[in-house]
Amino acid sequence: MITFVQVLDFIGTLAFAISGIRLASAKRFDLFGAYVVGVTTAIGGGTMRDVLLSQSPFWMDNAFYLLCSAFALLWVIVFRRFLVRQNNTWFLFDTIGLALFTVTGIEKTVAAGFPFWTAIIMGTLTGAGGGVIRDVFINEVPLIFRKEIYALACVFGGVAYYFCARLGFDNVTSGIMCGAVVLVSRLLAVKFHLSLPVLKAEDADEPKKD
Amino acid sequence: MITFVQVLDFIGTLAFAISGIRLASAKRFDLFGAYVVGVTTAIGGGTMRDVLLSQSPFWMDNAFYLLCSAFALLWVIVFRRFLVRQNNTWFLFDTIGLALFTVTGIEKTVAAGFPFWTAIIMGTLTGAGGGVIRDVFINEVPLIFRKEIYALACVFGGVAYYFCARLGFDNVTSGIMCGAVVLVSRLLAVKFHLSLPVLKAEDADEPKKD
Amino acid sequence: MITFVQVLDFIGTLAFAISGIRLASAKRFDLFGAYVVGVTTAIGGGTMRDVLLSQSPFWMDNAFYLLCSAFALLWVIVFRRFLVRQNNTWFLFDTIGLALFTVTGIEKTVAAGFPFWTAIIMGTLTGAGGGVIRDVFINEVPLIFRKEIYALACVFGGVAYYFCARLGFDNVTSGIMCGAVVLVSRLLAVKFHLSLPVLKAEDADEPKKD
């Protein structure tokens, strides 16, 4: 039996891996390099979470995530010419992954006995950490530190989870609320180009030439 | 009761976080990105140490470090125009942090049963590791590998700790001596622009044009 | 008594450290920075493996690897002018290291009770991971994602190990077969400039100017 959560997990892993493979290919990584970056994007956040929680990384006894990333590589090879046209779909899938990974990160951290604010950090790390490693590998400044609200959507979802739990909702309801908040925050952020302000340069008040 | 060590810890964490926030802002990271880089600079070294020691990272059940980094962000926002004028203060605070973090890194590693040379490495990692992650995030070559003596000051402090311990001094005295050596090494290094030599290029003996 | 494996370990560690020190020096890192990059190249892959296996990193109670890297630094300082002429030797030593580290990574992972495909990944990480950290430190796109077959040679070796084990060979024979496959794959790859294809840009079918 395949559960609904497993379907979401497949969709999210696929979207994360494809984002890594596309960016690596644009930097002229070979097929192996592109696969490594794809896998790292997909499992990197959860791996850092598990290491910080002193647990064995989730993918080490479950081949699903590596196979899923291999499928992503195949997809990029076969449908290369159509990927740009599929951008809206991949954006949606990526956001579904972001939402699901946030929820699983929160729940695993709470189950390990850490305070809720740590769980929110771990949820954010699970969702957004893989993308940071991806950008370090392709030697770019991590995108999520500069573009529309991304990791902050995970924080919003985590706060929503906290309030749901405090109000007495069960885990499933709280998780759904959390995921919905991540999804809606991210969709609104991209639709309306919402991003956080950038701190002005320290000498911005003086006239300057560069 | 707030202890003297806690005051130093606050000062050091604040200085490390502010260095991360300033460099991230100069690269046009948004507020969230700047905060993440600030936190990482402050807690990154100790986190790597704890992971290598197979221990739970120190900040995961103590909100102090994240709050302190939030305070650093607020400080940069409010006193943005005065930061350059505060440079000497921040340099001093950064050095206090470097000294304290080296001592805590050494003591935690010795307590975990590792040999003293491993403790010196862990002290250096605790003090200087956060700055390396910061520089990777902002996509620059890590500064400490190129500028005035920085991580080496931690090594000097660690060696001082070792000799104090061998001579029969208690932990507090050895720790103070270690911190003092780090502090003085770093202050002298910056005052007199002391830096280690760079290996000449391998073809430096032949005439060369670039 | 020094065993044959220890000799190979020395050769491999030396070659890995030297590759890090040379690349760091070319980027004008100071002696300390060059040493850190050298050490990281030599022990980085095995350290990540041990962290993922929830074990204490192998170098933390054995000073051999740090001393070996110090010897590498000395070598580069003394024989700087002759290093280019020694390139073939260092390439061979680097490949011996790659082969040995792959075998130790596989065996440690199998001993920890993980499935064989995880062991192949860990073998590859042990062999090729240090080079990736090195390239992140010197702020370059990791070389192994772009140049001739490197990490893939570890995968081939891992598959060879698996089949040997399935056919009933003992660990020593399987390990030798694995190492030989890594060695031969890598030597052939460099001799014949074998590299994996790069995914074409997504708009490659349209005329393009850059």
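When the chains are written out, they are named A, B and C in that same order, and each has its own residue count from 1.
Convention: contacts are C-beta pairs under 8 Å (C-beta built on N, C-alpha and C of every residue); 3 or more make two chains touch, one makes a residue touch a chain.
Note that this is a predicted model, so its numbers are computed, not measured.
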If every chain is a node and each touching pair gets an edge, what shape is that graph: line, ring, star, complete or other?
complete
With touch defined as above, tell me whether subunit A and subunit B contact each other through largely the same residue numbers, more than half shared, or through different ones.
different
How many angstrom lie between the centres of subunit A and subunit B, each centre taken as the mean Cα position?
29
Per-residue overlap in subunit C, given as positions that touch at least 2 other chains
51, 54, 136, 139
Subunit C residues touching subunit B in their complex are 21-22, 24-34, 36-37, 47, 51, 54-57, 60-61, 63, 66, 76-77, 80-81, 83-84, 136-139
In their shared complex, at which residues does subunit C touch subunit A?
51-54, 114-115, 117-118, 121, 132, 136, 139-142, 144-146, 149, 151-152, 195-203, 205
